[in-house]
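Per-chain residue numbering starts at 1, and chain names A, B and C are given in the order in which the chains are listed.
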Amino acid sequence: MTSHDTTTPPTTAPRSTTPLTATTWPIAAATLAFGGPARDGGEVHDAPAAEWGRVLRAVARAGFDHVDLTDAWLRPGDLAPSRRPELLDVAAEHGVALASISAIRRSVIHASDGEENLAYSHRTIDAAAGLGIGTVSVGLHQALTPAQQRELWFWTVTGHEDDPAHWDLAVERLRELGRHAADVGVVLSLEMYEDTFLGTAASSVRLVEEIGLPEVGLNPDIGNLVRLHRPIEDWREAFELTLPWTNFWHVKNYSRDEDVARDAYTAVPALMETGLINYRWAVQRAVELGFQGVICTEHYGGDGLSVSASNRDYLRRVLPEEGDVELGVSRVLQPRLTTPTHDRAGVAS
Amino acid sequence: MTSHDTTTPPTTAPRSTTPLTATTWPIAAATLAFGGPARDGGEVHDAPAAEWGRVLRAVARAGFDHVDLTDAWLRPGDLAPSRRPELLDVAAEHGVALASISAIRRSVIHASDGEENLAYSHRTIDAAAGLGIGTVSVGLHQALTPAQQRELWFWTVTGHEDDPAHWDLAVERLRELGRHAADVGVVLSLEMYEDTFLGTAASSVRLVEEIGLPEVGLNPDIGNLVRLHRPIEDWREAFELTLPWTNFWHVKNYSRDEDVARDAYTAVPALMETGLINYRWAVQRAVELGFQGVICTEHYGGDGLSVSASNRDYLRRVLPEEGDVELGVSRVLQPRLTTPTHDRAGVAS
Amino acid sequence: MTSHDTTTPPTTAPRSTTPLTATTWPIAAATLAFGGPARDGGEVHDAPAAEWGRVLRAVARAGFDHVDLTDAWLRPGDLAPSRRPELLDVAAEHGVALASISAIRRSVIHASDGEENLAYSHRTIDAAAGLGIGTVSVGLHQALTPAQQRELWFWTVTGHEDDPAHWDLAVERLRELGRHAADVGVVLSLEMYEDTFLGTAASSVRLVEEIGLPEVGLNPDIGNLVRLHRPIEDWREAFELTLPWTNFWHVKNYSRDEDVARDAYTAVPALMETGLINYRWAVQRAVELGFQGVICTEHYGGDGLSVSASNRDYLRRVLPEEGDVELGVSRVLQPRLTTPTHDRAGVAS
């Protein structure tokens, strides 16, 4: 077994030179649907690797060769470094590459837990480097409120809202994380989410510009915004603004209806193909604007993994093929990508 | 042509011993979408077998090898016993096995028609036995009210509600049916449906417990409940309670939205994969809790057969494969299953 | 290169004699999703053929071998006749046959633009003839109002309504177009659309009967009607009335919910398979009533081309196969059909 030394981060040099195509694009399954305690009731990161294998087996059976480690399932930042080879082995055993890490609801400007979340985010970046993962996504959304937890869909009532007074702290702490990420060859992506500093396209761009590091970009999870039961930003304009800064991408879709005269709004989780957002258009614009990062297929409600798999198949049909569009120049650095492999040769060695 | 003697019911002895898998699980198409009179305007059970063949041909073309005889289409209980070989022949001709019978809106506690419905249910059980069918589903829902018939979706207004005074009668008559079913090697399944004694998980379990026969279990058609325009029971908790008692399963799904503050509820028929209920989770729990019966894919509205076919394909992707989960011990007897076959060797002989 | 002489229209004689089947039915992709200016900002019909090729390449990649020239994309009526061979060549290059032309929002009874729209419609019919296209669809819907343009879905507020005083003018001008179409071997199809003279099944039939030409029939785009946020006509009855007069068919579907007691209506674009309208039933009735024309798969919102492709696959699964239903006799002439071909032999020669 290869030794994984986190103090020797993977080099950032050999980033992709050939533009990604519909065939080669890394499309990862989110694992947020697998949240909850381990079978023995303990923490998943303390569970035997075989327990991780059960989830990775389902991911592989659904046809994925890349996975996003969503920390609602497994927290790499809390995994003992000595167990990283176990995780890489069980992933390789199922033919699934570890594409990215998504840390959820760990705002670094949380009133009481901000510093702890900052420390956790640092550990997560180290874990990414140690696992050969090139992308870490964080956000500013906070724990669901009790009122949100009582709803069928938490986004139908308003939750936490960022206080403008904390803007500078957000810039400072996210920049600190970005510098760490840069040091270890990882890019940091900021997930868009309503009512935070990343809640609109304009605010998101302003934040990432103010942070001012090539290793810090956006995760334009516009699906988070189009499901709200209130007037929303135009999704197409939101992509136009944010795609130039995109280095990672949570994708999902909703069927949305509005009846403004009746003050009625409805949105239900939908296949990417059938929902409001035209992802055929969006992926083409993304390439034109330089995006070459991991796409992570998410879905809330129902059978998230199966919908994610259908969404992956859809993306393979509509992502540009070679020569379809000209790859643009991104405003931010694009990540190193993990190659799916059944052995670990070359990964984080 | 083999003679079918209804007085010699199929033996109940050789029930399945190998756990069902994603490949072998019997998944039947509901035929409720084919309701209405025969081409000559008469009753379908009086029509020539060729007319039945038209429906079975569509079912087979949609990729099914099992069919549920929904009595909104064909009423086996009203079919002359002498015509059963014809039905078996035409089914075999199309390569479709008769998996189950679903009797709809024939409540045995109906104020005026209860006794007639009881007699009809007895005839249906006899027909099942004579056709080599191991599962009969009945319910307590009654005819749609005129107000329901005026709606686009009948479930958006409240219909018949069971009167608590009839509980004992329900137990008594369903137990009587259960004893008959047991005598002829059939299991009886009680379909969940709102505002009846089978309208909540707790009440359904109480009913089946009070009936107290291993041959009487539940058909947890939770799809019936998640489409209501009012607050609903948590679908996951409903399955946890009812799956241990499940011996047959109508599956369907809905995209549901709620906006409690606005008193707004909406639900539209959806693919099983995309709707509210996570059937990946539900089928795994069903196996863990001992379910080994027929799954019947239903769908209201639009092209029910095509959606049923998509749902069958979905189920084949998410039903456990051998070794994925450990088969549990059900609280009720699981049914004899019909093998799809192009000849009728061994069926009800 | 073959010369295309628009004064020598294709003969109308050799119309289809073998009934169309699920395999042979011409199913065209609508191109309305590709509206907007050309890459250089000019008109699409002035753009180089290579620009047309980009769209046709996407259509072909989505698996289509027929395309509808929706004039929201390319206006054949405004294309210089000298460029028709270029269009035919680029279509042939991508293996896509030009099946039909849909002229949108060009009402011949528009208060100020009616005469111009009439002239445009004449040019469109000539273009069809010159391109070997057998079907032209027009309608009476007018430009979206500013209020409609502000909505997420324009159909959630009421737009233009036809004035009964213009009925005779509509009959007269559409009859004039129909005579022209007849002269050049094309059929004219009238697209149903709310609040116009083609806004209900009864009015549509009355209009086409009053026009009284075999070359003028209906395009029963009932999808336009089932998405309205108000009580609607029964879709099944609407088809029963209009299918005998159908010579072209825009198909699309919506998931619709109603809660009359709460005055709530919602409708979101859906796959044909899962939406409100049962197209399995509708296509069977269409054949029984004599329809043998082009089916054009449309979809508003999201990724229209991908949903159209899914809808095409669905149609191939449910259109009658040979012998399934008996082809009826239509009340109107069915169109000449274009054969998909990689060269142009025999097309409009």
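The rule is simple: a contact is a pair of C-beta atoms (placed from the backbone, for glycine too) under 8 Å apart; a residue touches a chain by one contact, two chains touch by 3 or more.
All values reported here derive from a predicted model rather than from experimental measurement.
Undergrad: Determine whether chain B and chain C, two copies of the same sequence, contact each other through the same residue numbers or different ones, counting it as same when over half of the numbers at the interface appear on both sides.
TA: different
Undergrad: How much rotation, in degrees rounded to the nearest 5, is required to superimpose chain A onto chain B on the basis of Cα coordinates?
TA: 120
Undergrad: Quick one: report the Å distance separating chain B from chain C, using the average Cα coordinate of each chain.
TA: 41
Undergrad: Quick one: which residues in chain B touch 2 or more of the other chains?
TA: 255, 264, 266, 268, 270
Undergrad: Residue numbers of chain B touching chain C in their complex, please.
TA: 33, 57, 61-62, 151-153, 156-157, 229, 255, 263-271, 301-307, 310
Undergrad: List the residues on chain A that touch chain C in their complex, please.
TA: Against chain C, chain A makes touches at 253, 255-262, 264, 266, 268, 270, 272-281, 314, 317-318, 321.
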